[in-house]
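Two complexes come next, and they have one chain in common, subunit A, joined by subunit B in the first and subunit C in the second.
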Partner chain A sequence: MMSRISGNQTGKETNSFRKEWKFSEILAERGVRERWEKVRKYFFLRESTYDMSNRCNIRCEGCYYYEGDKQFAAENKNPDSWRRLMQAEKARGITYVVLAGAEPSLAPDLCRICFKEFPLGSIATNGLKAIPADINFKIHISVWGNDDTSARVRSAKNMLIRQIENYRGDPRAVFVYTFTSNNIDQVHEVAAILAEHGCKLTFNVFSAPVGYRGDLRHTPETLGETRKAMMDLLTAYPGNVLFSPYNAVAHTHRKGLHDLYGCSYPRRNASTDIGLGRSFRQYRTDLNWDRAAACCVPDTDCDDCRHYAAGSAVVTARMFRHAGDPQTFKSWLDYVDTYLSVWVMDYHKGANLSDRMAAPPENEIF
Partner chain B sequence: MKTVSSLLDPEWHERYKRISKLNIRSSIYDVTNRCNLRCKGCFFFSSGEDQAASEETDTKKWEAFIDREKERGVNLAILIGGEPTLCLDRVEAFYRRLPTFCATNGLIKVPRDRFPDMMLGISLWGDEKDEKTLRGKDAFSISSKHYAGDPHVYYLYTLTPNQIGKIDRIVKKIKDVGLKVHMQLLSNDEGVDGFSWKPEELAAIRLEMDEILDSYPQTVISSKYYHKIITTGKMFNRSFGWNECPSVTEPMDHRNPRPKRLIEFIRWASDLETMHRCCTSITRDCSTCKDGAAHMSWVMVNKRMHIRTTKDLQNWIEVYEMFAKLYQFIPW
Partner chain C sequence: MPMKTNIEEIILHVARVMIDELKLEDITPEGFDPDIDLVDEIGIDSMDLATVALVLRDHYAIRIEEDDYPKLTNVRLIAEYIEQKLSEKSVAAAN
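Up next, the complex of A and B:
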């Protein structure tokens, strides 16, 4: 197929001629159309999040849940209230639920009610208390370093092996390793242990809560080291690591997600037009929500936000910007394929279409 | 200061001059409350507008009403409903008095001996399967037989998220029967499952609309700037919505400040007295409204905003030309 070559809009000659790609040309490459068709079947997902409990069995340094006032919301434990909420959520078009904060495994009966109303969802847990097998949501188990670090930052002993014992061989489970500025090297031993037990692993980047003064916050140097570790592990454990080079770029960039892509959650997005700014809610344990505070990691400092859950919506929604050339579009497809494999039961990640890092549209690569 | 002439070369300036003297003043008329289809997502029935007024059946009263409309300055009558072709006498009353456009589902063939050059826009809701799901029947197979090769007919193809990846086949079908097509997006007033838009779906459909325009420039009546406007709901830094919509019935427009709007625009119910709020239903949420004509008009009434760069002004001209073609003020 012929493609057009264009310069700038005024038609003046420049030295930076670049090919202007048609979308069908991008899709014409082998594997790309197939992946596009695979991921776009899931465009129907519309999520909201729910705090299931204000209690937790551990207390981690830098936990966003225990910042701000959401931790003081009363717990509504009434099954009927939850059932009604879930039905109302479905009626307003929500198709996916994220059950989180503080520790959802302490409220299994409420999680089960949510699952009965919604076939698709996920639970964010520290993994120390097993969630009953009949609740067939994806389960994200947080890992913050090796066991020495977990003992120090989370006050929990032998954490990784306890988590693995609860979820080994469980297709629901994805271990989420959160890179802080001081646990980067430890990821190698953690990944080796998880791989040895056949567990799936993805990556998160510590995003400081508002007002955080501790030393877990990243610097440009630690972001660079984190990026390198992610890329190394992608190569070392391709069967276990659910990630892509573009995920590494998006989450370890010098700029946070909001600066790179424009956050689409209501807290940073005043628009109530089509999209998350309209549909997304973050319910607290008393089943109230506040538009001004609603995002997937409330009380996180937006300028520092590189959170994996935020990216799954923020990067995915920016499809148009990524459709300008094949390399960028493949990177975006890898990102979406990764996010779906992490968040959706029975969705299996394909091999990454791109094995090198691409710069976010209109940005440098770091 | 930037002026129109300073931004345009002679060729574009000619195009600009051709449209700038048109001075289109449209109003919309519900010709009847009845329809021979009941489509899921049809704003007229889902919002109860079919019950808003009892239909005036005296053709003489329609004729007198249309004369008054003409005196009011209307120079484009846009007939909707219900299905206008159920009441051809009323349609004829318009056609004999005013430049008239008639929206139809195409099931009833408008006799060309009676309406030789009346522009018809035939609604199309997707492929055979989608039409069966949403309308209960494959209306295209009937309408395309009625109007194949007719130079005063185009399809008004309403895109849903379900159409991603399918537009090419449909447009080719339309090209093959010798007709034109214009695309707009479903607003999904009835919340049909899977038919509400997501940002990535809007991005995908925009890319496809752009490409289809490149591939079938003789068949598709559209512009890329219109695709951008309708899929993003944004014009420069402004968002489409109640505060911006140009297609609000004039006597019911109490917005303060008033945005740029269509002059003297009214949407009349079929009793010839009742007015509807705007060109679509009152139950629609303006922040998610995807109405094509409203978005086109939004661009058209905001000319000054586009006198920025050559490209911006050319975009404006293209949208205006598209509108003028669709309502037969300039040739295809």
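Up next, the complex of A and C:
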């Protein structure tokens, strides 16, 4: 089919004709069908997230946990209550749990209960206290810059080396480097250290909490620099960096994730129709949840949301609109392949299908 | 390209795509209850629906809008949606 269209990949008006691709034609391309079959086996994943503790052993500037009222929820430390919650979650169709914060490593017994009920999940931690090896979830260790920066912004000394000591050689571990507006250059030093120790690394982009007034927030210029650093590291450390060119586009775009893709978490999506808006919940430490506040990064400013966890749900859910042409669909497959390798134990990332950046559907590349 | 647009034919085809794409076991297109709720009773999610929608888009050469997904909660509703799109297409072609 050929059709006259009013937009091209950069979203600009054009009078040119563009091929309208059938899905079967896109899948016919070498490698694409195989990757599609590989990732679609995981379409059964349905996540919810849980605050395991309202305590943290450090205090970071810009921490979204200590914004809003979730920090004031009382901790329910009763193992039976948690077991019952997990069983109820399973019964309503949840297949994947994200254990978050404040700091889940301070509540290892509760994390273990979650793991016993759910074989698939992940834990977001600052990495200063090792999570016991029998809790076989993916472990995301937050890195906010080099050690000087961590000492300043997170008030923690020798942070990276302590994190590496806890998780070197651990197949659960993925180090998550959060780009703020003022730690972009430091990523090269951090990535070199992590690569030297054989650690896996992925990227996050600082997304300001509601009302945040500090200087970590990105500008269009720092987003551009962040994108360049991501692309450079993708080339420099292909065996260590879990990322793709399309991840770089989606997370450093001048528009946030909601504007680009339409966030489907309950907090931005009032409907309970099919999808994330229907199934996702974010439980506080008192085991309550609030639909109006429920997303994986509550109290983040939605207009500035470029968070890696948010993208893992928001971008992947938009398969249909990425199936317009082969380049865009390959980029989406790379994104999903990246997301699965970061979040699912024993899922191994393949080589990216596309080594160039594609524009998000109906948008420009910036 | 299918030429028959009879609603019963479309229902059968949608059921067949559903069964093939989502690997639903122990059910035939003829035995697929077109009024069963796909979300609550079959357990399909938005990614499943997107997959089915892409295959149906190819087959019928029609646009299926993402915003319309919430309306497509059973096979009959999907078939009626396709029938509607096909008739809009033939009206547009005639004009």
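One rule holds for everything that comes next: the second predicted complex is superposed on the first by the 351 of 366 C-alpha atoms of A that agree within 3 Å, B and C clash if a C-alpha of one lies under 4 Å from a C-alpha of the other, contacts with A are read in each partner's own complex, and residues count from 1 in each chain.
We take it that a contact is a pair of C-beta atoms (placed from the backbone, for glycine too) under 8 Å apart; a residue touches a chain by one contact, two chains touch by 3 or more.
These figures come from a predicted structure and were not determined experimentally.
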Superposition on subunit A - do subunit B and subunit C clash or fit:
clash
First, second, both or neither for A:F23, with subunit B first and subunit C second:
both
Considering only the touch criterion stated at the top, classify A:A292 as touching first (subunit B), second (subunit C), both, or neither.
neither
Applying the touch criterion given at the start, work out whether A:A323 contacts subunit B, subunit C, both or neither, answering first, second, both or neither.
both
Going by the contact rule set out at the top, does A:G275 touch subunit B (first), subunit C (second), both, or neither?
both
The only stretch of subunit B that collides with subunit C once the two complexes are overlaid, out of 81-89, 189-197, 243-251 or 261-269, is 189-197
Doubly contacted residues of subunit A, that is, touched by subunit B and again by subunit C
22-24, 40, 43, 46, 93, 264, 271, 273-275, 278, 316-320, 323
Give every residue of subunit A touching subunit C within the complex, in rising order.
1, 22-24, 40, 43, 46, 93, 264, 271, 273-276, 278-279, 316-321, 323
Provide the residue numbers of subunit A that touch subunit B in the complex, in ascending order.
9-10, 22-24, 37, 40, 43-44, 46, 93, 264, 271-275, 278, 316-320, 323
The subunit B residues in contact with subunit A across the complex are 161, 164-165, 191, 194, 196-204, 206-208, 210-211, 214, 233, 239-241, 287-288, 310-311
Show me the residue ranges of subunit C that touch subunit A in the complex, using the header's touch definition.
39, 43-51, 53-55, 57-58, 61, 64, 66, 69-70, 73
